[in-house]
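All chains are identified by letter, namely A, B and C, in their written order; residue positions are counted from 1 within each chain.
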Amino acid sequence: MRRVRAPFLPALLVLMALVALFPILKGDPSLREELFLVFMLVTLASSINIIMGYTGYVSFGHIVFFGIGGYIAFWLMYSFNVHFLLAAVAAAIPAAAIAALIGIPILRLRGAYFALATIGINEAMRSFVTNFEPFGGAVGMFFNFSVYDTYGGAKASGQLAYYAMVGIALATIAASYAVKRSKFGLSLMAIREDQDVAMVVGIDPARAKVVAYVISAFFPALAGATFFFKNGIIEPGHAFDLLRSIESLVMVVLGGIGTVAGPIVGAAVYEWLRGSLITSPLLANFQLFLAGLLLLVTVLFVTAGLVGWLRERFPVLRSYLQ
Amino acid sequence: MILSVEQVTIRFGGLVAVDGASFEVGEGKILGLIGPNGAGKTTLFNAINGVYKPRSGRIVFRGEDITGLRPHQIARRGVSRAHQVVRPLNDLSVLANVTVGACFGREQLGLRQATAVAEEMLASLGLMDKSEMPAGKLNVAQKKRLELARALAARPLLLLADEVLAGLNPQEVADMLGVFRRIRDQGVSVIMIEHLMHALMNVSDHVVVLDHGQKISEGTPQQVSSDPKVIEAYLGDPAVAQRFLEEGA
Amino acid sequence: MTKLSVEGCESGYGEVQILWGATLTLRSGELTTLVGSNGAGKTTLLRTVMGLIPAWKGTVRLDDRDITRLSPHEKAQLGLVLVPEGRQLFSTMTVAENLEMGATPGHARAEMRRSFDRVFGLFPRLAERISQLAGTLSGGEQQMLAIARGLMAKPRILMFDEPSLGLSPKLVMDLFEIVRTLKREGLTMLLVEQNVQMALAVSDHAYVMGRGKIEIEGPARDVRQMPEVRRAYLGL
């Protein structure tokens, strides 16, 4: 497990960076928009992977941190003209703190109960924000376009958001990899396999799980801040979109739970599928159905996901597909 | 005395599973814990390593009262356990399974050192060639060795071995007993629950007998196996049987 | 003449082998007991004989007919009946319904009325509780019902798996009284028991099992005196 020293992480990060630069160099704004979304999904999927893939806790309502990060950052920029990058980081910290606070009680639940609780948390947060006037209530908040002048105009702001999202995705992948290869990651996987044995062996599961949950909340918060900065408008339904939450889950499963590359592959494949299907007049409304179907098929037939299947089929690729 | 169990009582609702049991484990000794089915042996193990909290009584490990501490706290003090029903971490490799044992035990090793210790352990238990396999794919005897390897990788001061010999063939049993003798000679104390009596009696320095949650005898293997109370616990009361026979005749 | 012979039986669960070549014979009209320490394979042997788990090697013969590969209900039809460990009653059915279920084999069905009478004669307490749900009976009553259900099948050979488990000393005596009564009626029985002394006191023939094989055998009264029995249980 830890012997092979292929330069997996640097290679992967460089590859991702090159892909990110491609639309810039080619001068293709619509591709850049596509990739912005993909990198965001990679961030979401990769973060969920930490709590779900490594630790075995399926967080259905994980989008809540995306929403919290989005809202706090937006509010800071809207109300106090805080610079976007600062606002994003400043939003991720309370998001992580909230994760710690709710994590302590709900991580005691097992299996399906935990999953349900996370949905409950997301819905509760959405409901709260809908009624919270400082955040605009049900209407939400929207930018006056002059906000973008600080960054050199709307177009430049778009570019800044793009680079930020790429950076966040790379940071998430790096963090995911670091966790997986660390002693901490090993403790998470032990908890996933058999929490009682993990305890008997000397691991404190309560503490480890909360730390994993906090890490997994940090990056979606950054992504949320970035997405809504670029979007210029934020409202509760969009910020706490359960469908998007479930989709990111599907991406992780599709790509390969518990691998670093899996969420990337899953996000890319899922987004590509969705993109092609949405243009088909017949299937445009079947997004959720598609998500469910993909999840079912993967879980039943290709449990280890695409990356897992590739690793099984081509052992040579193992060190390159972790 | 590395471990002292003092008047420990464990109850589940109205059921008394262990009733005022007391005994001591000598340092660097193997103690055999025997008794008919349902005597409370595994329950007692669960109390020693923190899975259950005793209703009353104390458990003292190396001079420290560990009663009521949680399992991971007790593990970090140097107590390891090999379970009756083996519980490998199925999707992790054999090496990872044992590394987990080495990482979080008494010594709190870093990953690289822990892996080195794990490899040593696998080698001495003959599992080195399977180190990259997912643990779930081993056969039962191998899983038992893995369970023991994981427990030993923590370099415990006290090992709780719960029926580690069950399901093994005679050669495998002999090999495992050799492992136990080796670790005892290295100074590890062991409490062993076994139904394979001849094996346990052969390797134990001291034996404690439980029946219906109470200690009914203790001593050397020879003493215990000729103690009428122990014989009665296992075989039944000969006087009652005699009366029965005579009444029916 | 009802004879059951088991030869060289090997079986286990999954990859774990429990029986390593067990051989025993039940003689007609005799009460044979099988004892041995935990993990020796007694229950596994009974379940293999009954067909609840498949035999990997060896044969089971009922009166020279090879029944090794027959399913449990086919064996029951032939008159081989098991009173399982832990009673395993239909707890949400009444005493009467449990007994009816016991009379499932064809030849037993025809004689159900007579069997009810016989069973209530042996266990008057069950007659008093005829409409009570089996799950609400006391431990001793449940054991009686389990045996009664076995008898409803009109067995030619009745096998018991640790019937005294969980019973108080008084109930254990009652249980063995019933076993002795059945023996007097000439029923061929195989008794697997934890309570060695009582089992050896009531039986004709005895087998002591260890490590998946028969280690000692002989007339019960001889086996009772053997120090090897103690060694089989206590290792020394």
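The definition used in the following text is that contacts are C-beta pairs under 8 Å (C-beta built on N, C-alpha and C of every residue); 3 or more make two chains touch, one makes a residue touch a chain.
Just so you know, these numbers come straight off a predicted model, no measurement behind them.
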Graph class of chain-chain contacts, one of line, ring, star, complete, other: line
Most centrally placed chain - per-chain CA mean versus overall CA mean: B
Mean-CA-position distance for chain C and chain A (Å): 61
Distance between the centres, which are taken as Cα means, of chain B and chain A, whole angstrom: 44
Centroid distance [mean C-alpha coordinates] between chain C and chain B, Å: 33
Shared-contact residues (touching 2 or more other chains) in chain C: none
Chain B residues touching chain C - in the complex, by the definition given at the top: 36-37, 139-140, 166-167, 169-170, 195-202, 221-222, 224-226, 230-231, 234-238, 240-242, 244-245, 248
Chain B contact footprint on chain A (complex, rising order): 1-2, 181-183, 186-187, 189-190, 192-194, 196-205, 258
Chain B residues touching chain A - in the complex, by the definition given at the top: 49, 51, 70-72, 75-76, 81, 83, 87, 89-93, 95-96, 99-101, 103-106, 108, 110-112, 114-115, 132, 150, 154
Touch list for chain C against partner chain B, complex: 14-18, 37-39, 169, 173, 176, 180, 194-202, 211, 229-231, 233-236
